[in-house]
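Encoded as structure tokens, the structure appears first; notes follow it.
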Amino acid sequence: MPKNFETAEYRKVIDRIYDEVLPFRGKGKVADYIPALSEVDPRQFGIAIETLAGDTILKGDADTCFSIQSISKIYTLAMVMSHLGEKLWRSVRTEPSGNPFNSLIQLEYEKGIPRNPFINAGALVVTDRLIDIYPHPKEAILDFVRELSGNEDIYYDSRVAKSEREHADRNMALAYFIKSFGNIHNDVDTLIDVYCHQCSIAMSCVDLARSVLFLANRGVNPQDSKQILTESQAKRLGAVMSTCGFYDESGDFAFRVGLPGKSGVGGGIVAYLPEKLAISVWSPELNPFGNSLMGIEALERFTTDIESSIF
Amino acid sequence: MPKNFETAEYRKVIDRIYDEVLPFRGKGKVADYIPALSEVDPRQFGIAIETLAGDTILKGDADTCFSIQSISKIYTLAMVMSHLGEKLWRSVRTEPSGNPFNSLIQLEYEKGIPRNPFINAGALVVTDRLIDIYPHPKEAILDFVRELSGNEDIYYDSRVAKSEREHADRNMALAYFIKSFGNIHNDVDTLIDVYCHQCSIAMSCVDLARSVLFLANRGVNPQDSKQILTESQAKRLGAVMSTCGFYDESGDFAFRVGLPGKSGVGGGIVAYLPEKLAISVWSPELNPFGNSLMGIEALERFTTDIESSIF
Amino acid sequence: MPKNFETAEYRKVIDRIYDEVLPFRGKGKVADYIPALSEVDPRQFGIAIETLAGDTILKGDADTCFSIQSISKIYTLAMVMSHLGEKLWRSVRTEPSGNPFNSLIQLEYEKGIPRNPFINAGALVVTDRLIDIYPHPKEAILDFVRELSGNEDIYYDSRVAKSEREHADRNMALAYFIKSFGNIHNDVDTLIDVYCHQCSIAMSCVDLARSVLFLANRGVNPQDSKQILTESQAKRLGAVMSTCGFYDESGDFAFRVGLPGKSGVGGGIVAYLPEKLAISVWSPELNPFGNSLMGIEALERFTTDIESSIF
Amino acid sequence: MPKNFETAEYRKVIDRIYDEVLPFRGKGKVADYIPALSEVDPRQFGIAIETLAGDTILKGDADTCFSIQSISKIYTLAMVMSHLGEKLWRSVRTEPSGNPFNSLIQLEYEKGIPRNPFINAGALVVTDRLIDIYPHPKEAILDFVRELSGNEDIYYDSRVAKSEREHADRNMALAYFIKSFGNIHNDVDTLIDVYCHQCSIAMSCVDLARSVLFLANRGVNPQDSKQILTESQAKRLGAVMSTCGFYDESGDFAFRVGLPGKSGVGGGIVAYLPEKLAISVWSPELNPFGNSLMGIEALERFTTDIESSIF
């Protein structure tokens, strides 16, 4: 049962965690699958908390922008859920995957219906639907993220987007494969272009934390009281984050941290405690599962210290 | 955020749900993989709630004993966790499976380390460790379950156990396969005998609900204040239930119900709301994923009506 | 041990087989994965034998051109083998596949090295190498086939090529997937264009039989005494045909017919008896494994009647 | 086309090959999956040829008995084929496997019907049928092998059989798994006992070569003119040996050697040239695919030197 923490207390917790986790520097490995990511300074570490009460607690490099990568899957999914509702779940399931995130095996077994929207296959289907809906999908995604985080300066990092595009063979394969089952509607080159752009969005921890407050608030963005998703849809999105948000470490994250969340290979993680707060952590060095090593250490200490999690 | 429901309110909710769900009778299919299960009268339906405040709410066939089947995996896991602690997780992971529950593929891919303790492969490893620990494992399991539920009359249904044993080829295969990787220590015949017995335990909804109150209570059995698991271990068990408790419907259950829980092909389901209550539902007819059809319908309505879930 | 059959005897054998196999009309199913193939008149049936002694025996629609589809994999493979020699086998193995011909599973397991050059994945790698070698690959393929069969009129059926190209999602996926492992060098669109063209080659049974005489003759085309492949390379190609030439029916074909051969979903089959003859059979209706139903019936009777096979 | 070699010529070929292959000593690795096999002196090398003309050519350790292991699958298959005929192929296919020989994946995919009789799964089904047919299966197998090779002294090596039995977890798993699909009829312990015995048969190269002469002779044992299999059955067995006899090196063996054959992890290989001869080679050191390294080197040189193979 969440205690009623005050801002000052969160402040103390975050300060302590920051010091405890710093020694983990150098124990992970920066993503190297695209050159643009591998060049990031690995010695960065930021934490941001946004509470529903309106408080902001920042620490370290919380204002530095980085590549959000797979965290973008939350935004496109929310956009498509709000338009398609339950219909979406005919094209993508919400079951955990149990396989490395790029695997084609289950996709073949399940006839082109991806297991969930957070494996690449599922995210491609979601972005394909987004292209069905929006005439200018890249603009629409950026508008949505800017609105959620209240930051008009969020941008596509064109260098990262270009690098993604040049190393997209596996995602091209996935897209054509799903298309062969009829579950991709649009031109694959267009789809991959949008997809590489969404992965290249640059945001800071504070942007990220703000952008998911609506999930902690039953679908309503507390910054402008706008209903982004219905309460039921917000719950569904949280359930998918809880079971599928951390690649093949999702189960372990559920235990160690116990919050709905999503990570990206840029080293960012965003999570939230329902009815309370959103938190984002960033450090570029990854553990063997592709999740931010210091990020997970920090979040585990956080839910332990505040004695709150969803379990 | 859980409202503070009173017993009378739970009573009303349960009465209403019972009436709403009754029309689903006949829409599922009783398990037929062993004759002893297929002979159960399908027209039974029971619900039991046990609150940490000490209240009991029963409805329908809540006192009728049935075969708990895979729900027993909670008990053996709790027993082994309390003895081995973190060491256990070297032999079995806690990641969702993403494959039908008997599949051998991932086991081969992951060299005999089952993905989680609720797929049969993982449950066999857990029971194997239990045999390492207890000289009389069958007695130990029964003692543990009786203590948790406060019911000395809980028993092994020998007819079911015998039927299980006669149809255990798939589990024999799993056990020998895992043994070939060195991750089963004991004689396979002994192991399967214990395993078939644990599946054959007969309990009622009220027994089941009581037996998991300790999980809703940070590891402490509220009935006798005994610490069954550490708080951390209880949280781990809850996390595994949340991500892996319902075969290939675990993600959907997380969304629709949003409680840590576990089902069995006998048609039983047990779940809990942390800090609040435990609930068990039973109806023998299963949906295509092997989970009680009416049970899931009832639980979905329950968390919707009380406006509480872990998400 | 091959008997020394005379032309007149082959004539009689073929006449008899033709009559015996005609009643199988209507028992198979014309390929429907691309519209251009599905429109073929199913009631066609041709047989052609070319002996190393220089005799030609024709029966039925032996002069009608049809889409050779996967039979083209023999030609591109021979072209690339003659240039790369043993080096080719670092990029593609020569082991039977054991999976439906389009499967991605083994490709993932074997890190982008296809199991053999006759599954689509392997044929794509071979055609990719051909593009490395020839500045004008489409012209080169046509030249090669025309030379082998002594027929300057052999052509790409542009309607079929276009239809292939419009239904190439699965092959696009395969190509990008292999490229992600670095085993495709060229632009995927170019590769698929060449590949769709090679599949669209239109040839008759007599063209096909002539075109593989060099394999029955230790690598030397008997029509112009040109060494197409070394004897060792010809033997390797024959070995691959014997173990991998008929999709998931290769083992059964080895038993029932016992000749090195290759089939295509256009309903054509070409095979040869070393040191003796080449034979081609065509009928558009396929059996469940994607091989010409009447073609296999005819070839089985042929090797039984002439009492010769490689076993 | 086989030349007509004389005994003296074979003698010269074998002498030369022996000298050429000896330098490969030390380049392979003796099987170590059971202790009894790992203790064999690796520096042994024997070759035996038996011609249909009645000649015997021996070289090196051709008279030393060794563990034939998987070569025994030929004998049990021949015994069961002669009783069940075509009916057998409903329970086991004859398609190459494309997976490491113990894999359970394809078995699950194909619902308990093994792909061929030379992977362990298929050999277990064959031995299960043999137990259906013979009241004393172990005696029957030994009688059959003794008769084929004309050597009454062939025996089960009880030390090897015991060691096999103690390390049979993987085969126990396979057998129970197949039994769960209904494709094993007998008690699994009995089946594994017979299977471990057949693998433990000790024979010499000369025994082995003689024992497969009937396959080179259209099913008739030339030593006593007894019809062991029909000509068609002998051809089927040869086809299976050609496509499936050397684990995941079967395709490569078809190319390099080009004879129907079968290997065992004891380091033995037996093969035959139809209408001509049988040959057996033995050397305990294995290549990475589990086939005798020197054995394959020797056989490749043999078919090259005599300019005969089935291709």
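Letters are used for the chains, namely A, B, C and D, taken in the order the chains are written, and counting of residues starts over at 1 for each.
The definition used in the following text is that a residue touches a chain if its C-beta (ideal position, glycine included) is under 8 Å from a C-beta of that chain, and two chains touch if they have at least 3 such contacts.
Bear in mind that the values here come from a model prediction, so they are computed numbers and not experimental data.
Q: Using the contact definition stated above, find the chains touching both chain B and chain D.
A: Chains in contact with chain B as well as chain D: not a single one.
Q: Name the chain whose C-alpha centroid is farthest from the C-alpha centroid of chain A.
A: Of all the other chains, the one whose centre lies farthest from chain A is D.
Q: Report the inter-centroid distance (CA atoms only) between chain A and chain C in whole Å.
A: It comes to 49 Å between the two C-alpha centres.
Q: Just give me the whole-number Å value for how far the CA centre of chain A lies from that of chain D.
A: It comes to 56 Å between the two C-alpha centres.
Q: Give, as an integer number of Å, the spacing between the C-alpha centres of chain B and chain A.
A: Chain A and chain B have C-alpha centres separated by 32 Å.
Q: By the touch rule stated above, which residues of chain C touch at least two different other chains?
A: Not one residue in chain C touches at least two other chains.
Q: By the document's touch definition, which label belongs to this structure's chain graph: line, ring, star, complete, or other?
A: Per interface graph, the chains form a ring.
Q: Show me, using the given definition of touch, all chain pairs that touch one another.
A: According to the stated criterion, the contacting chain pairs are A-B, A-C, B-D, C-D.
Q: Applying the document's contact rule, which stretches of chain C touch chain A when the two form their complex?
A: Against chain A, the touching part of chain C is residues 103-105, 108, 169-170, 172-177, 179-180, 188.
Q: Mind listing the chain C positions that touch chain D in their complex?
A: Chain C reaches chain D through residues 1, 93-99, 106, 115-116, 235-236, 238-240, 242-244, 248-252, 254-255, 258, 260, 274-275, 309-311.
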